[in-house]
């Protein structure tokens, strides 16, 4: 073929297959969402519209990918778990990451008006992505615990911070009040000073969101998706930890 | 920190830095665009709206990334060239590929209505992506030649195929007529039978599109972008090869 | 420092760490031992001196590396299993492979005269090496089974082949007789024609050699090494399979 | 085949091919040679026997590998440069590193008695190894300069250190005298106090050793090897830098 003279350049594409028989987690994260959340006036510390848009986009990704058996989201990030035995794209890391992250971004942009009907996109988002391998279910569970503890710690901190700031403290004062304090202190601060019972805040804020397939007895071809913690009335809020 | 118990899972993220001082090409490609182009009734063989949407999305990527010095697009794919010395994301492959491909997808979806005002997205696109290293300018040029020769060969084939089919041939007949023939034969077929002078078809179809920064004498802060071969009236169509 | 001008070249060394918490197998294999075994007139099909030299070299490697918990050898190859949790050389693949293979080679050359007292090295051996990760004990066991079944199949084939050749068949005739036959046929051939009961051939030929640490009750500092299948009188021949 | 049940374990071997068309440097380095040199009473700071053994082993490696076009050695390390276009072992990193390092070790052990006729090996050496890619001749040259400047700095430091210690200083005193001083100071120290003209010390100590193929006009089949800086009478001592 006339193209054969140049085809040698294909050899520069190096293999990037992931180890067989380990769990693959694809984690994506909004690029510069500190700025993006400000430019789009996200509510502080948690904007339920933003979280539901993340969830809707992630749900689309999971529905798109039969080998994705679980997803967990918090803030501007989402983790997608692929079954250990998946041979999706021959387990090529670049293929996996790029298809997941671009389909997520497509959904995020497309569904933006459903969640932010009054606010145009000021500029367009990007997401970084990576594929990480976890050899055992126990370590995979620790991975998810890592993300969820992160959610919890950040949320408790932010709850206090914004309660203080909204009640008149300067950012520096708010920070000084919370810095280095334990969970107990923060819970009491919220309760005593602001009448907030932390444990009754929406689960979607405290725990993040899990997406998993619901086993449906009589429906062999498709599996229904279930989202926990979405904060919607007709959805049971749940999460990997018991409430 | 309370999270420290789980932080060990971070160690499973393996380094994926690319070799320093080589050209990095990030190539993205529409997932399943054979079907996507049918579902959205792209004109055959080339839909100028689809190509211009690709170009607009790629231009946004290049504007977003100062270290991207050249981009070349054809069909449902785009190649982005990063300067040899770039330290963008420490040259981490996953970061580079994911940010480029997700920002591209965001733009593609967002700008869809500008190019397809009468047609809603039937479903959302995804793009695969990969990072490839090229050690020398000569090999990088061969890489771009590889993509452009591919454009040329496919386009010449498709021009004949669709001319035959549109004039009444069955797909099988059209294929049989063209299969294994040389460029000369195809040019003559187009000219003698359909009155088409191949070399006068729009450059955007025959050669693809290049995006590069135009050196602007007196404007140090920003560089203007220039798209060649976009097929728009006020833009000079050009390409790496002379016309 | 005066050297700092050039230190940037260090950045071209890319990370090659292996996934944490998976079994690491380092397999080494003699380079061109088809020729090496001829040049040194190894007995056919198995030379017990050669195998014992391999075993002695491997034992030295295991003794040298506390994190190597098992080794299995056959023909000109040896597999070394590192414990899942090892942080030896930060699990850097090149470091692991190079240190194991070079120490093995050092021993092989140094101990050559002990096993081949009458034969000088005609030229020096090299060994290739690789590191492979196995996520579970079950897959690791399958890996070892893979090597041992290979040992068995090759040995049965070679036993027949050399019995035929030694009894006067040409290589082509011997090959034609055995080709495509099953284990049963080969066993019968050996027994009926040559009076060889395959299952009574030395275990070291039929099964290869395993090296593992023997738990010694009252000796906390060091663990004794045990070699199975060495074919020496004062050593119990055993192997992963029961005899 | 009977083995096919287990053959799936082969898929866990991941590709590790190096980028085409870049220089490959394989650098090996003695494991724990601080201790090895003491255990074998190497002369301080430089033992010409040890260096010549390193050189002889490296020469054997270069002779063994036609695609190795240059080698540079200093102290307990050697760098082997492969031609850019080499397809040796399909450029697989593990194969390259393991074969080079094990053949080097074989030679080092085998030729030990030639260089240390009066001293038995107390224990056997191992060497680590790595493969590094360098995209241009200029960067490759900087790599070699990096190693050679390292040689120079260490040697000048060691020359002073051991002159001081041999003349009665304690290690701490010697260190305190030299620490943080410039090359000029060291040269003067050597000259004024010990009558040593640094630049007349053997080139093999000051500059390390280069191995390269000598173009021989009328001998097409083989190329002769030349070692510079070996300190032998019938060999011109030279080095990448002019003397």
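Every chain is named by a letter (A, B, C and D) in the order it is written, and numbering of its residues begins at 1.
FYI, a contact is a pair of C-beta atoms (placed from the backbone, for glycine too) under 8 Å apart; a residue touches a chain by one contact, two chains touch by 3 or more.
Please read these numbers as outputs of a predicted model, since none were measured by experiment.
Student: For subunit B, which other chain has the most distant CA centre?
Tutor: Centre of mass proxy via C-alpha means gives C as farthest from subunit B.
Student: Could you tell me which pair, C-D or B-C, is linked by more C-beta pairs in contact?
Tutor: Comparing B-C with C-D, the pair joined by more C-beta contacts is C-D.
Student: Please report how many Å separate the Cα centroid of subunit B from that of subunit D, as a whole number.
Tutor: 47
Student: Report the inter-centroid distance (CA atoms only) between subunit B and subunit C in whole Å.
Tutor: Distance between chain centres, rounded to whole Å: 51 Å.
Student: Could you put a whole-Å number on the gap between the CA centroids of subunit C and subunit D?
Tutor: 30
Student: Of all the residues in subunit C, which ones touch at least 2 other chains?
Tutor: Only 8, 12, 14, 19, 21, 133, 139 qualify.
Student: Name, in rising order, each residue of subunit C that touches subunit A in their complex.
Tutor: Spelled out, the residues of subunit C in touch with subunit A are 19, 21-22, 133, 135-136, 139.
Student: Mind pulling up the subunit C residues that touch subunit D in the complex?
Tutor: Per the stated touch rule, the residues are 1-3, 5-10, 12-14, 16, 28, 31, 60, 64, 89, 93-95, 97-99, 101-110, 121, 124-134, 139, 142-143, 145-146, 149-150, 153, 183.
Student: Which of the residues in subunit A end up touching subunit D in this complex?
Tutor: 11-12, 14-15, 17, 19-21
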